[in-house]
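Take a look at the structures below.
The following pair of complexes shares a single chain, subunit A, combined with subunit B in the former and subunit C in the latter.
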Partner chain A sequence: MTYKRKDHLISILFLFPALLLLCVFIIYPTISTIKLSFHSWKGIYGMAQEFVGFSNFQKVLTSDTFWNAMLNSVYFMIGTFVILMPLSFSLALVVTSKLKFTGFMKTMYYLPVILGTTTVALMWRCILNPNTGILAGILNAMGLGDHVIDWLNTPTVNVWTTILINEWKFAGYNMLIFVAGITSIPDTTVEAAMIDGCNYWQRLRYIILPLSKNSFKVFAILGITGCLKVFDIIWAMTGGGPNDLSSTPGIMIYQFAYTYKKYGRSAAIAVILLILGVSLSAVCNRVFKQDDIY
Partner chain B sequence: MKKFLALLLTLTMAASLAACGSKPTQEQETTDTQAPTESSSGGEKETESSGEDVVITFCARQDPTGADAESAYTLEKIEEFNAMDNGIKVDIVWNPVEADYLSRLATDIASNDCPNIFMEYGGSRILDYLEAGLIVDMTPYYEEDSAWYDSVYPTMWEPCVFDDYDGIFGIPFNSYEIVLVYNSAYLEQCNLEVPTTWEELMNCCKVLKENGIQPFMVGEKDTYRFGHLFSNLAITSYGEDARKMGTREIGYDSQESKEIYKLIKDAYDLGYFGDNVLAYGHSEERAYMGAGECAFMWDLTSRIYWLEDTQELNAENLHIAQFPAVNKEYYGWCQGGASQAYYVSTQASEEEIAASITFLKYITGKEFISGLSAVTNSTYAIAVESSAGSYIYEEVAEVMGQNKGLLAELQNYDSEAGGLNIVRDALQTIVLGATPDEIAQTIVEGYEDIE
Partner chain C sequence: MSKKTKVGMGVTYILAFLWIVATTVPLLLAVLSSFKDNTEIYLRPWQLPQSWAPVNYIRAIVDVGALRSIGNTLLVAFLTAGGVLLVALLASYPMSRKNIRWVKSTYTLFVLAVMIPVHTTLIPISSLATILKAKDQYWYLILVYIAFNMAQSIFLISGSMNGISREIDDAAIIDGCGDFRLLFRILTPICKPILATEAIFAFVYAYGELIFSLTLISNSKLYTVSRAMLSFYGDGDMRLGPIFAFIVLSAIPSIIVYVLFHNQIQKGVMNGAIKG
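Presenting the complex of A and B:
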């Protein structure tokens, strides 16, 4: 056996476990889901799946509830790009600066990330309870009792409230993505700019931001796919209610399968999300393509 | 070294994957074969007797840590059963949260891992399982042991009998009725009589409100609160005909249905049900009632014990009455019956089914239920001597004894499994200001979405 062939064999052996896991946990379930999306099935083992063609997709795409859920996902995306991205990037700038106590700051910013989603939801539900919550208490004490509303049950307000809580929870996590990008910029590049007389804002505009493009790409892809499939935080905060008004496609997947016993319809929503996720990720890849300038 | 490492990693990975799909244990092995196509013992699978204990799985909506009286008692009794050395061992698969419990059960059933005994509520989901031949017809066992059959109140069999299927599929367990809980001190303070009609109730609410007493504090975060109210108002409006609303012979956009939405909406708009009702659930509502924050609530008799040790119950201010009727003719009618029933899966060997029946007889036997009733003060479908510890349980028994007609929550008569959620969710929109026409439209569109 030649050295090159041996090398190939070892590579294959190393790749095999990962490929096996990929096939078992990603590719096979994806193919099964696509197959199921063309069938009607009540979720009972042994019960025949009836082929229904594109009927599941047609019903999903003509359902107002689905489009309302998609709109809520879009709200999450808006929140991600308008609130979370600047916030996380700013935090990253702070913790990579030469300020004191940046280690402590990093820990503090990251703290909400390590809290479980249910814990966060329970905590915020207590804070936001219009009858007994601390926020209502503070507003009442300030004479602003008229502004107390049921934040988690007023349509649209409840989605945005959840989005803000979601951004609070994940700001620290996304900060790390940007920290990775910022710290990978060679010191020499920044120092050269300083020698050339660039002030902080110029360095940010012409050095840090362009060279962090890859971090923005990672953030965008994770953000978009995360928003499309968002389930846990909204489920724990509002349960998708009232009357499905704060539902998301992720919640619909769950409800169609487990509540309505329409596994085919549930799979169709999952396939639509998959297509959207892959397409939007491809768009992000293109938009945030970073030229190799080193 | 590289080769060795590569091989080691590969073997580790292969071993871990193999562990995921390891050879099934005895009880799994018997279930992981072809799915049955009949709902009788004809669909059962056979295994050779191994001489070892038959292990059966018991899936129920209970707390595996024994945090409440019912779970603690049942756990203790299962331990006693397992110690009997009768060749049967019971494994529990419990979850106290309804949604999580039902999701777990659905997943098990979808993946050919159906528990031997499981709790369900009857209705359309059971119809689906019957269609798939998943549930054992227990008629032969009842014929063999008529005392067992006779121990169940005759009015409680609804979750186990179905028009299109001959046989009795399961055994009812809990029983309940929706009753009116009222605070007599507040009624006396305002010189009010206990209402027997909806009109009288609304008048009581008006007077209470004028006297600064909140009539109801409905915990509509749990969507079944208005769901139960809808069913009770329909049942006390139309009696047995209300069943047609459940089957949708009388549509949710019919005048009859809209009148019911209007009754709820009017009461809500007048502030009789409280503020921010979506912000809290049924358990908080009970806490408010127990603390004297409101004068009325409708509740399930099987859960009256939640009011135990509350300020108002200790002061003997809380009492039970029939749910007020919209139509006087139907006073004494209400939503009720068996709320939970146990079913035996056909996806098992004959030995396992026999063991499941033995265990079911144990947990639905009079001795078990008497003991359970003594610790929970709940109401059951199996007739036992009441061991009421508080005056309120005597009132519950008295009111239940006067009942003239019972129907399940109406959506249980629907062949569409999602109907219950659609109606309950749509009723929440009353809080958002929806009109009866809009509620009707929401329900009709909801059905269109899932059909």
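Presenting the complex of A and C:
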């Protein structure tokens, strides 16, 4: 079947809005940011950008704040693989099991995902407030008043508190990624294993885990890129403070541009994030390359 | 059923129940706290409030304009959802129906675009807004939201269109259908489930989005919910009750959407996960 001129015209017409938005809001800004990362600019329009070579990158890569922010991103990744992955996978096993009420469970587990990040963050900030918050009140009533600390202002503790809140919010989402993997395993495979006398743990180890490998890949890619980009939850919980100790690269991009007016520096961090994100996704794709199982 | 399986099921039920408690108790505490003052929140966190008078709600609505910011955000979220559907439907049609080489390569372009993090685009998007005098303009914010949500929708909608038999097209074309009518009268109704899912996702995204509303909106009358809540918390008044009231109010639209569409939302996440 050959396509006539009309088909080309229709294709151009129909693709036009999407391509326009793609160029204006994604491709052009990315190129512009890469260019900006080699320049110094204070964000004043009409003022020329001064070419500075790699000096923005050099300044970023030699600053303690940046490496501390990267460390916090690594903490988020550790949290993702050590806490979130087992938690979401267990929840996925629960809701795909033969228990009753699994539909209800699934609905309840997903509930925090639907709420906005800021809503969730502020709710927990109020609960965790050390002076008048609910948790402080509960601990005091239990006679554990000594354990009340300022969870969101103590360095390191505040990052991990935020990580736990983040896992609380996203457990339901990642559960569904694993559910998609588990339910794509044919029932007959699992039944065959049962007839062969496999117990639950053997089925989990030799059937369910290897056959849902693809959902682990999706989880890993989304998790790693998500941790690099984390902004909302930290911004709403700690604002990056105290003294930038809970900052992340995402927060630094925002602050360098809009607080310190060092746009070139901000762009350099954005470019580093872009490179890291793309290359880590590629690594994940390789590591989790789906082997032919049959 | 063997004794061992029964024990196993018992343990699983307990775990399942514990996570339900973990997800719901903080939300219930937030609702209870929204009717209390600081002392009551601190001293009687678990108890029902002494009075159900909505004083905190009145403060959140009158003093900070909670309802206005929720209304603003709903408007932005509805328009974003509609815009995403329109743009993605139009783009999906040639991708699924016209077997033209350059059209296929635009698909790859969208696949690559998904890998670009939002942060990389932040500064140029706000500079562009200044040039176009589009700061504090919802139309610009909405276009940005559409741009960052359309790729996923295009993948899933064109995927769903690929599943529709070409014989339907042929029949429609013989009956005199042009491309527009084929897309909007024939294919769109068949794709309804995936369209609903994508609309909900765009809605939820726009309702909770933070970083672009931080950089593009500075007039407090135009604040979206995330923005308004943050500045309310940050303005130094440490009365928690009104903040809880605002949180509860802001969650109501999300929860309504979720109660109505939870099946579609769950299916949508799983479809996205399989597609990778």
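The working rule: the second predicted complex is superposed on the first by the 268 of 294 C-alpha atoms of A that agree within 3 Å, B and C clash if a C-alpha of one lies under 4 Å from a C-alpha of the other, contacts with A are read in each partner's own complex, and residues count from 1 in each chain.
FYI, a residue touches a chain if its C-beta (ideal position, glycine included) is under 8 Å from a C-beta of that chain, and two chains touch if they have at least 3 such contacts.
The model shown is predicted, which means the values in this text are computed figures rather than measured ones.
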item: When subunit B and subunit C are modelled together on subunit A, clash or fit; value: clash
item: Which of subunit B and subunit C A:63 touches, first, second, both or neither; value: first
item: Partner chain in contact with A:279 - subunit B first, subunit C second, else both or neither; value: neither
item: Which superposed partner A:202 touches (first subunit B, second subunit C, both, neither); value: neither
item: Touching partner for A:156 - first (subunit B), second (subunit C), both, neither; value: neither
item: Which of subunit B and subunit C A:36 touches, first, second, both or neither; value: second
item: Broader residue contact with subunit A after superposition on the shared chain, subunit B or subunit C; value: C
item: Subunit B versus subunit C as contact partner of A:215, first or second or both or neither; value: second
item: Partner chain(s) touched by A:127 [first = subunit B, second = subunit C, both, neither]; value: second
item: First (subunit B), second (subunit C), both or neither touched by A:236; value: second
item: Shared subunit A surface residues [contacts with subunit B and with subunit C]; value: 10, 14, 17, 21, 24, 43, 45, 129, 131, 254, 257-258, 263
item: Contact set on subunit A toward subunit B in their complex; value: 10, 13-14, 16-17, 20-21, 24, 42-47, 59, 63-65, 129-131, 150, 152-153, 155, 241-244, 254-263, 265
item: List of subunit C residues in touch with subunit A within their complex; value: 5, 8-9, 12-13, 15-16, 19-20, 22-24, 26-27, 29-30, 33, 38-39, 41-43, 45-46, 86-88, 90-91, 93-95, 98-100, 102-103, 106, 109-110, 113, 115-125, 127-128, 130-131, 143-144, 146-148, 150-151, 154, 179, 183, 204, 207-208, 210-211, 214-215, 225-226, 229-230, 233, 238, 240, 243-244, 247, 250-251, 254-255, 257-258, 262, 265-266, 269-271, 273-274, 276
item: Contact set on subunit B toward subunit A in their complex; value: 2-3, 6-7, 9-10, 12-14, 17, 34-37, 102-103, 106-107, 109-112, 114, 125, 128-129, 131-134, 221, 223, 275-276, 278-280, 347, 417-418, 421, 425-426, 428-429, 431-432, 442, 445-446, 449-450
item: Subunit A to subunit C touching residues, read off their complex; value: 1, 3, 7-8, 10-11, 14-15, 17-19, 21-22, 24-30, 32-33, 36, 43, 45, 90-91, 94-95, 97, 99, 105-112, 114-119, 122-127, 129, 131-134, 136-138, 140-141, 168, 171-173, 176-177, 179-181, 183-184, 200, 214-215, 217-218, 221, 225, 228-229, 231-232, 235-236, 249-250, 253-254, 257-258, 263, 266-267, 270-271, 273-274, 277-278, 281
